[in-house]
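Chain nomenclature is as follows: A, B, C and D, assigned in order of appearance, with residue numbering initiated at 1 for each chain independently.
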């Protein structure tokens, strides 16, 4: 873990944001189990230090692109629970007016260009956001989140090449949680993922994705360097997803051992460990941590209750937003 | 002798039978082996045929479809599993520039006997990137054959034919139908390509229905029958090749027709079939050629919206009533 | 004031004007800068706008189209040059799963103002992978607009409109027409989307013709005029949005129609337009709705074969004669 | 250059094959300049040692995939001039019955799976051919030829990953001629191309592509290792194309210096240098070399004359070979 006792405020915000992600996911899972949520969703629990460590190093108008496992990125980049739960339930007050759902949640106001249900599908988008930043001299940085499985998509190599050629301010953040769906990473990735980025001349880093301070420290440095025109960068973040591939993936012994899950959850939980460290450093007391957890839990439950009661979009919305500037595509 | 089995089981049996029959047949795709795909359609195959013939791939759709083309050109008969029909956009080059054209470009010397199994169908709350029915796109490309099974019976019979065909065949299963049961023979059978099935005979109006829409139209026909309107439901089963004769015969008999398909309506399958009817059965028609496809909007996540985008039995019946009662003037 | 310039020059002017007007507009693609593309359409632009705004890319079509999407989402207005229309298969995912759906999936919050410029057209002896006319494919996907200029005048006016449109627009130029000249105003002008052009008025038969087929149909109309058959030639100019009203008005007047397009006939553009006519002008029709697309075969290299695959003035005139003289019975 | 004086026969065959490629190209260029050849073509001259060095290390039933610059591979893998020139002229006796032309020339009988007009388009095909070899235990090897520009295609990374995971007998041979179209490699390739292959755990080699013996020695070793299951491999072959990107690319000073061209042609010509070495080693006399050149020139001229007189395919062939097993697609 990092050093310094300074920055109590930053630490508490990071802790709180991780707790908020966990609480969001627990509630989302509950909504699924109680058959209140349409469709499926992919839980971010276990990976909180990645999203929070990175997003806390970004400004509000820096951009991120997210994935099918995207609630964590969305929360970490500044989204509100209410609009998020509304979106998950397909309600009109959701971030995307219920049109996107869990797999497409976007929060343009805080620079989240959206989750993506095409694995690797946002690699071009993030790189393009960085291209705008460079062409328009905005000083913005773009972070592209993706999983280890997504490194099998050819698109990544194409955009890394261009990002490297043109020195774009983009950080490729691989959340290496060891699995793509029901398959272990080593079965689907030959050689070294980090070396692949390096081969394009991209400076690359391997970092413990369960250690929010380590992630945050590194990201701060890389973001600063991106702003100076020293990008792009690659981060390979070792992490773990606690739940199944999606909420319905309950019996997973055939592809990963219960022991392995238990080990990560008990020994390497990013929230518990960071909480312990905060206590050890006497930055907070155990009671204060409990207080944070309680507040967050309450916030989440209220947001769920709100979303459950919120209205669905009106039928007339079905052909809205097909084309910008065309109120209703089918009666134009 | 028949017994009732699910569409999922029918597909599984079809593949197993062909793999037993012909050692050149193998299967590849994401999580097809131990996991048996997310829809569990392929469960058990890896146990019988081993990981050499049931191959788990990385998330590299263009890559493994390209490999299937090359394998097919050199004596293998690959079956490729594409997890969602929406991912077909990723493999269009390998499918349409390579697989579809190789036989022609080589003057008949090379053949590409491969099957791409994928799916279609909305209303699963999977949103815009996991709900599309994109079969019209591949039907537009000469060199590909396109099959659209509408029940377990068709799924098995068409798939076995596809595997034995010396051309690239794309087969779209309806992902909402995997658990639907139908009577399927114990004995081996094949369903030839280019032979439509008259699902239900009738004299008053023809409903040409593909895939998921066969059930929808059959329900519509049931409702119409109670009102004295006898609808003939025709399932083309393959849209390339298309059994024009059976469709035209029916329309010439009934003089009225609705073409129903779950792809987007514009520039989709309903257009092609309607246009052929308008040209070739023109003098027999007593009413405008009607068609109903999915609404021309990306598929929305919210249940309140998604259900509006796909043709329903009620909608089809209502349109049929209008046509039969002469309530149709030329629309503006 | 007008002057005669080539289609190539018209495109070049349109881009230059928009780049001068709006600093957010930039251009990217393979060999677009010094080389000015293999067709030399973009020559001189890099000299005026520099390599920051006229960007040579590696041969990474999915990559740079994806980047254009991300750039467009963040305040740029990219124009992407796709060297051959046939390469659109490579970028379908970024175009159809990402660009086309982003506005809708985000509930209207994100927009993707980008232009994909590419081409269509056979008979250049470029064989099956460099001769396709694939505009029907993108027209099937809601969220994309599709423009098909038929002369230098349209090429400039439609392109400028495309660049100002807040939606992804795909524009297909006819690669055989780059050196064709037409009268083009000195002053700035825009051609609105969704407004068909009545290229030539007539009372006996309507020829709906897109892109390259406008010339073909105009020649056919000239030939027919000598025999006393007055054909009305209509150029939709954009197929999404489609100016149905102008087409239907014409057909209601002439009672006869042939739809002509250079894409493959089956499941192509002719099908959609023919089907709309068959549904919405049914009671006005005196003859079957005829259509002529490119032959449903991959484009052959040999001149002896290639010329057979595309509609010709003679072919269109012959079909028109049959329709006007009532020589058309329902084909089997 | 290699050692040994042995294997005179092999050396002479290699020399002759290089001369044959050069002669083929000179004649093809002449056909273009005299407007006898439909379309364009991409000359292989200058790169002969690559195709010959590699193909001479293969058996007849090993497979290669070729590129838009593919005549050299085709000759080296054993094709005949007559069928090749017939193909280039679109004649019925061509390897592809005139349907493929220069960019799709294939010679199935000698294991050439075809040229490809999609840059990188054959990377999947070659890897798939290697998959067949592995699954069926044929002992065959597949060589995938591609240019430096093609390394920008994401497909390569996808198939390298699978080839490495599954130890497929495939050799990726990058003909690094320094340019893709009108752009220098260093402007479109970041980092190190060789390191990119190595990052997938693929053993990689950089070799002088102008030295036929060096290429051949290395290939022999790699082919032997592939057959033992030690593949895949990557070869980065430094070479140079003498002509423009295609036959029409005459004025190329703006992207490459005349001096550079002259230097390669005078100092590094693979044929001249190998000829000199053969003389130095007293394997042949200068006269014998002249004799070879004369014989080859005559063979080429005769083949051209034959092809010029040969017949075009009959119009009825236009819809043949669309589908295997369907004599005529449009009258089926």
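Going forward, a residue touches a chain if its C-beta (ideal position, glycine included) is under 8 Å from a C-beta of that chain, and two chains touch if they have at least 3 such contacts.
Computed from a predicted model, the values in this text were never measured in an experiment.
Of the two chain pairs considered here, A-B and B-D, the higher C-beta contact count falls to B-D. The chain with its C-alpha centre at the largest distance from the centre of subunit A is D.
Each chain gets a centre from the mean of its Cα atoms; for subunit A and subunit B, those two points are 36 Å apart. As a whole-number value, the distance joining the C-alpha centres of subunit A and subunit C reads 40 Å.
Taking each chain's centre as the mean of its C-alpha atoms, subunit A lies 46 Å from subunit D. Among all residues of subunit B, those that touch two or more other chains are 57-58, 60, 62-63, 86-87, 90, 93, 97, 104-105, 127-129, 142-143, 296-298, 300. Touching two or more other chains at once are residues 96-100, 104, 116, 118, 121, 152-155, 158, 161-162, 165, 187-189, 322, 329 of subunit A.
Those residues of subunit D whose C-beta lies close enough to touch subunit C in the complex are 38-40, 90-91, 96-104, 116-121, 149-150, 152-154, 180-183, 187-189, 254-255, 312-313, 315, 317-319, 322, 329-330.
Of all residues in subunit D, those touching subunit B in their complex are 63, 65, 94-100, 104, 106, 108, 113-114, 116, 118, 121-133, 135-136, 140, 142, 154-155, 158-159, 161-162, 165, 320-325, 329, 332. Residue ranges of subunit B in contact with subunit D, taken from their complex: 24, 26, 52-53, 57-58, 60, 62-76, 78, 93-94, 97-98, 102-111, 113, 142-143, 145, 165-167, 194, 241.
Within the complex, the subunit A residues that touch subunit D are 152-158, 160-162, 164-165, 187-192, 195-196, 198-202. Only residues 30-31, 34-35, 38, 56-60, 62-63, 86-87, 90, 124-130, 295-298, 300-305, 308-309 of subunit C touch subunit D when the two sit together in their complex.
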